[in-house]
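This is the structure, below, for whatever I ask next.
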Amino acid sequence: MSEASFLGDLLQTIAERGRRLLARGGGPDDGRNGALAALCERLIASRGEASSLALSQEILERWAALSEADRRAFMTMLLESFGPDRAKLDAAVEAYRGAPTPKAAQRLHEASEPRRQELIRRLNSAPDGMAALVRMREALIALKADDPGLAVVDDDFAHLFGSWFNRGFLVLKPIDWATPANVLEKIIRYEAVHEIRDWEELRRRLEPPDRRCFAFFHPRLVDEPLIFVEVALTTDMPATVAEVLAPDRAPIAAEQASAAVFYSISNCQEGLRGVSFGNFLIKQVVEDLRRDLPELATFVTLSPVPGFAAWLAREREAPDSEALSAEDRAALAVLDDRGWMDDAEAVETVRPALTRACAWYLVNARTSRGAPVDPVARFHLGNGARLERVNFLADRSPRAMRQAHGMMVNYLYELDDIETNHEAFFDRGEVAASSSVRRLARRARAADAKPAELPAK
Amino acid sequence: MSEASFLGDLLQTIAERGRRLLARGGGPDDGRNGALAALCERLIASRGEASSLALSQEILERWAALSEADRRAFMTMLLESFGPDRAKLDAAVEAYRGAPTPKAAQRLHEASEPRRQELIRRLNSAPDGMAALVRMREALIALKADDPGLAVVDDDFAHLFGSWFNRGFLVLKPIDWATPANVLEKIIRYEAVHEIRDWEELRRRLEPPDRRCFAFFHPRLVDEPLIFVEVALTTDMPATVAEVLAPDRAPIAAEQASAAVFYSISNCQEGLRGVSFGNFLIKQVVEDLRRDLPELATFVTLSPVPGFAAWLAREREAPDSEALSAEDRAALAVLDDRGWMDDAEAVETVRPALTRACAWYLVNARTSRGAPVDPVARFHLGNGARLERVNFLADRSPRAMRQAHGMMVNYLYELDDIETNHEAFFDRGEVAASSSVRRLARRARAADAKPAELPAK
Amino acid sequence: MSEASFLGDLLQTIAERGRRLLARGGGPDDGRNGALAALCERLIASRGEASSLALSQEILERWAALSEADRRAFMTMLLESFGPDRAKLDAAVEAYRGAPTPKAAQRLHEASEPRRQELIRRLNSAPDGMAALVRMREALIALKADDPGLAVVDDDFAHLFGSWFNRGFLVLKPIDWATPANVLEKIIRYEAVHEIRDWEELRRRLEPPDRRCFAFFHPRLVDEPLIFVEVALTTDMPATVAEVLAPDRAPIAAEQASAAVFYSISNCQEGLRGVSFGNFLIKQVVEDLRRDLPELATFVTLSPVPGFAAWLAREREAPDSEALSAEDRAALAVLDDRGWMDDAEAVETVRPALTRACAWYLVNARTSRGAPVDPVARFHLGNGARLERVNFLADRSPRAMRQAHGMMVNYLYELDDIETNHEAFFDRGEVAASSSVRRLARRARAADAKPAELPAK
Amino acid sequence: MSEASFLGDLLQTIAERGRRLLARGGGPDDGRNGALAALCERLIASRGEASSLALSQEILERWAALSEADRRAFMTMLLESFGPDRAKLDAAVEAYRGAPTPKAAQRLHEASEPRRQELIRRLNSAPDGMAALVRMREALIALKADDPGLAVVDDDFAHLFGSWFNRGFLVLKPIDWATPANVLEKIIRYEAVHEIRDWEELRRRLEPPDRRCFAFFHPRLVDEPLIFVEVALTTDMPATVAEVLAPDRAPIAAEQASAAVFYSISNCQEGLRGVSFGNFLIKQVVEDLRRDLPELATFVTLSPVPGFAAWLAREREAPDSEALSAEDRAALAVLDDRGWMDDAEAVETVRPALTRACAWYLVNARTSRGAPVDPVARFHLGNGARLERVNFLADRSPRAMRQAHGMMVNYLYELDDIETNHEAFFDRGEVAASSSVRRLARRARAADAKPAELPAK
């Protein structure tokens, strides 16, 4: 890391030199968007190294200080003034129509490249330019919600990020208690599934011999994890979060473990939305663990079901739901009592119906495009994992109760089946599921569900 | 480096897994270009991580084993079959003509992207994919010479490399006698200016306290320098190579030096032709040296003049050359005797005329586009350096005698003038030169050149 | 650090192999001190690599599990059974008396070496042997308090540690917010001057641009700092802890600082007591800071005065104290009211007298051997620093109020005077002090102390 | 390594500061041994950090410039003037005789410590002090040959080195083609068994996939290997050097190897003679290779027999040699013809007799203390290896022909037997040997040796 910061310092010195030149030249120091636009024009036109670095840095610093309104104006400017050169593009269109040769197609491609792509590439050369661009896109994604026209600008960021964050650039690093604190604080901050309240809780996630954590890093975002996964080494496939995270549990030796449980996967950079890392991360971590601990036989997640409660509410209101039998629908009324999970009788009443409904949801509920409704299911099934088990009252945290009535799922990564599952999923929309989940899902509407089929508490 | 190789191993394992899947699927194992095309199609269509890695690696390995003729056929296939999707492109063209909105322009840009760009991006994910692609382009550049149509394909490589080798990714590292041998052997191999015959000569370039060397590296091309510069720390601006490289010279302590002499700059990767690193390298090295050795006051090159002899031959044949006075033309006849440089009288006869002609060449000789004819002059003047001094009989090596009648040049990097010179050069075609060089150049045609103006031997 | 752990793993594997051999041999598994003595005898006699490693590890592990009583018994055993071989020693004594040649003296030296020294050297070869020995001596120091005979054993540890922790082995490392968490938690744990309550407070000590921290490490105690110093970069020599550690202070840029304030120095390893690091640490840190921040002109501490309150209590009770005038003695009565420091009038009453008394104490109060009574004064004056200023109500923490009535001192490290001060201190017992401190100390008994001489609040 | 050099720089700066103080003090600048003695006295007396460092460095630098005669005088001075303080020692002797308590023994040990031990410890603190002391002892070992009295001084060096080079300090590192050149050049220089002529030959030893090399390093001797071993990965136990080092052999993949052959072990530091590393090195390398390449089943050397030819010459001259039968003695006459190894008939004549003699030599020839005569045999058998096979005409290099008539030996490291062999060797003088070697050795004097027992060519 010190090498990176050393390089950063040199770039900084060169940029400072350029900045003095800019200052001499006078001009765009009035600090308004007009001036920013002028700086962007100068940057695209620039051929000098130092002035180019100085311009990049100036633009990124000014951007960071803009109000939200000014940021919106800036993005609109990128949309309107930094598209392709219209005259050149029109000429290229006509040339292509005249003679659609490979060369003409290529000219057309070049002429249609929005000038903001070159602008973004040049901003990327600044010291810390990449990090600033990721933050810039994070803001852009928020702005885009109210202003769909900005999607065109966002696509340019997304295109370039896709190339720069090509997985060939990613570096997998283990995260442990000997990791630098400035990285660890980001693990605390970005943990999105099971909150890490403080450094002591972080230590419990990292230091025991039966815990592992891995993150992807990018060479230009030093100290910034892109995505990370927390792993528990266990002797069984766990059915609840409490088993995995109990503060007083007795750790086992890593060599005793037969299963690796991926119990939390968190994306860190909102500005990299749409650049997919998770698929690759899990597979690399599996290979790394297998190499280090050859006795590991099972690779499985313990995952939330974030879309379940919302879907279930809709089904319960729909008079003709395919998913729910009348009996189950009746039993699910228990869910309307807050605090049902602390009432043993209510729990036993709702258990079979809720478990069946969850299985049905995961196997059968689809979006209009035919993909699973549940985003976590989409992710793991798309990776080639198998729906292995549905777990009742597996996470009693307020969020999990609200989003999924406490249900969780184990997705199993069976290495030899991953590619087959993956292709079946994408080619034919098939969901890989264990026979028990499949049976539960089938029986969702049937009256004769046998409790014996339910997973033991 | 071991981290990189660790990651490489994991990728390899994942790719192996995918390879078994490919094998199962049967199919494209007949090893001909048709099969390679099919593999490329499958790679573009692939969504699975493992099969995508396996396909990438398979393609790159097969490519490496192809004959030159098959490589040409492969490139032609990329040109003809992996351009943009014609139907989509035509639709996008029409849509744009109908309503030239930003969104339509963007669609047009996307639709005109040749499919080989995505193919190259996917190949880049393979372990060692980047290195393989750089070698692939090296071959492509050679093929292109006979087959200008392939320039379209080369442009796609160049475009992606420009983005991936964005200077934000480059890492400057000092090269010294404690550098790993597998990097040092590349310094021996790639040195393009003053040959390094063996490891002992390499040691003399790196180990003495008054020598420095720096290279740019890229995080995905481990152990592969992209460009490097060799530096001598001296007390004076040197006039000959012999002063700098004399095997028996007495090194000085780095703290005694007042000048840093850049006496050799070599690009290493033919496959990265057109991606410019040198400009940035010199400026970073200057900053690094200044930080380390604050007493350094002069940053100067000792550079070859590779185009001089060819130009001079043309001028001497042209009856109406502006560059040569009749007297000088006569004096230059000495050059036609092989071995003139060992004849003291001949040397003194030709010295003034040759020095003047060289100054004239550097200051005034231009290409049809107005740039200096000499490629090394183009590079340093474009960087903002100043033509400081023209050195007679400065390099007696056969190559230098052949290319430049032994002439060399000092280009001075005066930090405060670099940007100004740079802009004057690009905006107005002005060549920055010291007054003495300027005077020599002016007097080239004049009869009254005063020997006193010549640099002392 | 992974390199160290890799080596540790190999050693571990070799030790495991030896352990199986030991087990085969049967024997000393009854877990009592007798058995431990037998293991120690076997270790000294051992010539095999693996069995020697296994024996070392076995002994260290058993030791770690001993009760305090058994540890005492173990140390007594080392004292009584692992001294020199009496017969050999007596023979060497007689040989030396017969002919006191260099060779005979050397034989005597060898023969008088206690066998426990060789034992300790062999224990040191175990993986983590050094760390275990440091902990062992920590226990021994505690045992020695009740059992002065063990001092002989302790001297053997001290002698070997002095050689192994020779300053040539020490590595100075900066500690910052990018330091691994397992090192940082030790900074929290070992901070002995100004408590660090939690990770947020740690961050405030390390992350701002005007903070520095440095520690010495030893290659065999990975992740274990030996001693560390916390530094504040400031524009003035601070008079109170609050100025330095105020949670809401505005940090300055490092380049703006003119002073480096060493406000906390903590030894980490009780087991290394008597091995002196601090002297060397401060001088290396000064050189490091000067190199990095050439504009730093002042290197000064803000130090506690831990012996002051106890000394003052004795002086106030002594009717014929030289240190206190009658007036000052009267004024100091204020100190008997708890909470005086929150009473503005009391504060002003006691300020001159307390300040004078503290100056007197630091300059004049000596132990029976002539050294300053105050241990912190001894340390810094012994290092060659100068007593620069005495600060009233400089630390309001309960400990500082209890130990020093809130007084603190600045010791100044003037690089050009350090050696001279150091020699004057050791050769002639002279305390280097600024003229103002000197005046205060002189006037301690005088009635005419002028408030104007006191440092401004 | 840069960390080490960074620390070195700081130490240097502190030493410079001290040096100026020394200079001020005037005095010992006359550059003679008298002055050096005075500096040594000052160093022992010194308490100041900076002056102590400066003195150490001054002494080491002056030492380095001394003539051989002055070095001898210096060592004699250490012997005569830096022994123990006679008065103190005599007092300690008498005190001990009066009451031989542990404390008195300890005092005696302290009083008998030669003052040069403290001198050496202080010299060790200088930047590069350790390296300078190792070179100093190298010179001392040479001087000692003519001046046995200096052995006393040498013992002090040896004692301290034994403690400082405790194997707990040693770091095992792989050496490969990515190792820094300044380390690799030392591999070339120190290779003591099979000469490495140049960098290309070095590359052939390190770069192929079936080659490994490992060295021990010490944290204070950066870039200086202490000992290294070269390993060939093979499918069989090799019988000749040519098999292992043939320049044109086809390397195998590491995973295909079933045997690791230690074909060269070289100590690097003559100044560390007597500090044993080899035993430990081989065992760590075995463990490292097993971890990396679990399919390796055989760990074996291909070793020279350096004492064989000299021993055989004596036996052939001794009329009553037990080792040679009359027949074999006759057959061995062939050896007197230079060039016998190129005469096929001579080769077949001498093969059985020479092989038997070599086996006899290794198994039975002992020094007066009962150890094997052959130093390499002593080393490996002492490590617990087994004499596995004797190889005829295994090394045709001039040295091997001269020292061993071309014979070589395989010593086998069978992990489960190492400790047992080791103990049998040291406790009962038993040589572990395979049954075939044993049979050959037995039959050395017998007339009926069956050629069938000889290893196949």
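A, B, C and D label the chains in the order they appear, each numbered from 1.
The working rule: a residue touches a chain if its C-beta (ideal position, glycine included) is under 8 Å from a C-beta of that chain, and two chains touch if they have at least 3 such contacts.
These figures come from a predicted structure and were not determined experimentally.
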Given subunit B and subunit D, the chains that contact each of them: none
Of C-D and A-C, pair with higher C-beta contact tally: C-D
Farthest chain (mean CA position) relative to subunit C: B
Between subunit A and subunit D, centroid-to-centroid distance (C-alpha), Å: 57
Rounded Å distance, subunit C centre to subunit D centre (Cα mean): 40
Chain centre separation in whole Å, for subunit C relative to subunit A (CA means): 49
Shared interface positions of subunit C, touching two or more other chains: none
Touching pairs - complete list by chain label: A-B, A-C, B-D, C-D
List of subunit A residues in touch with subunit C within their complex: 1, 177-184, 198-199, 203, 223
Touching residues (chain side subunit A, partner subunit B) in the complex: 3-4, 7, 10-11, 13-14, 17-18, 21, 47-51, 79-80, 83-84, 86, 89-90, 93, 96-97, 100, 102-103, 105-106, 108-109, 112-114, 121, 124-126, 129-130, 149, 152, 155-156, 160, 162-164, 166-169, 171-173, 219-220, 279-280, 283-284, 287-288, 291, 383-384, 415, 418-420, 422-423, 426
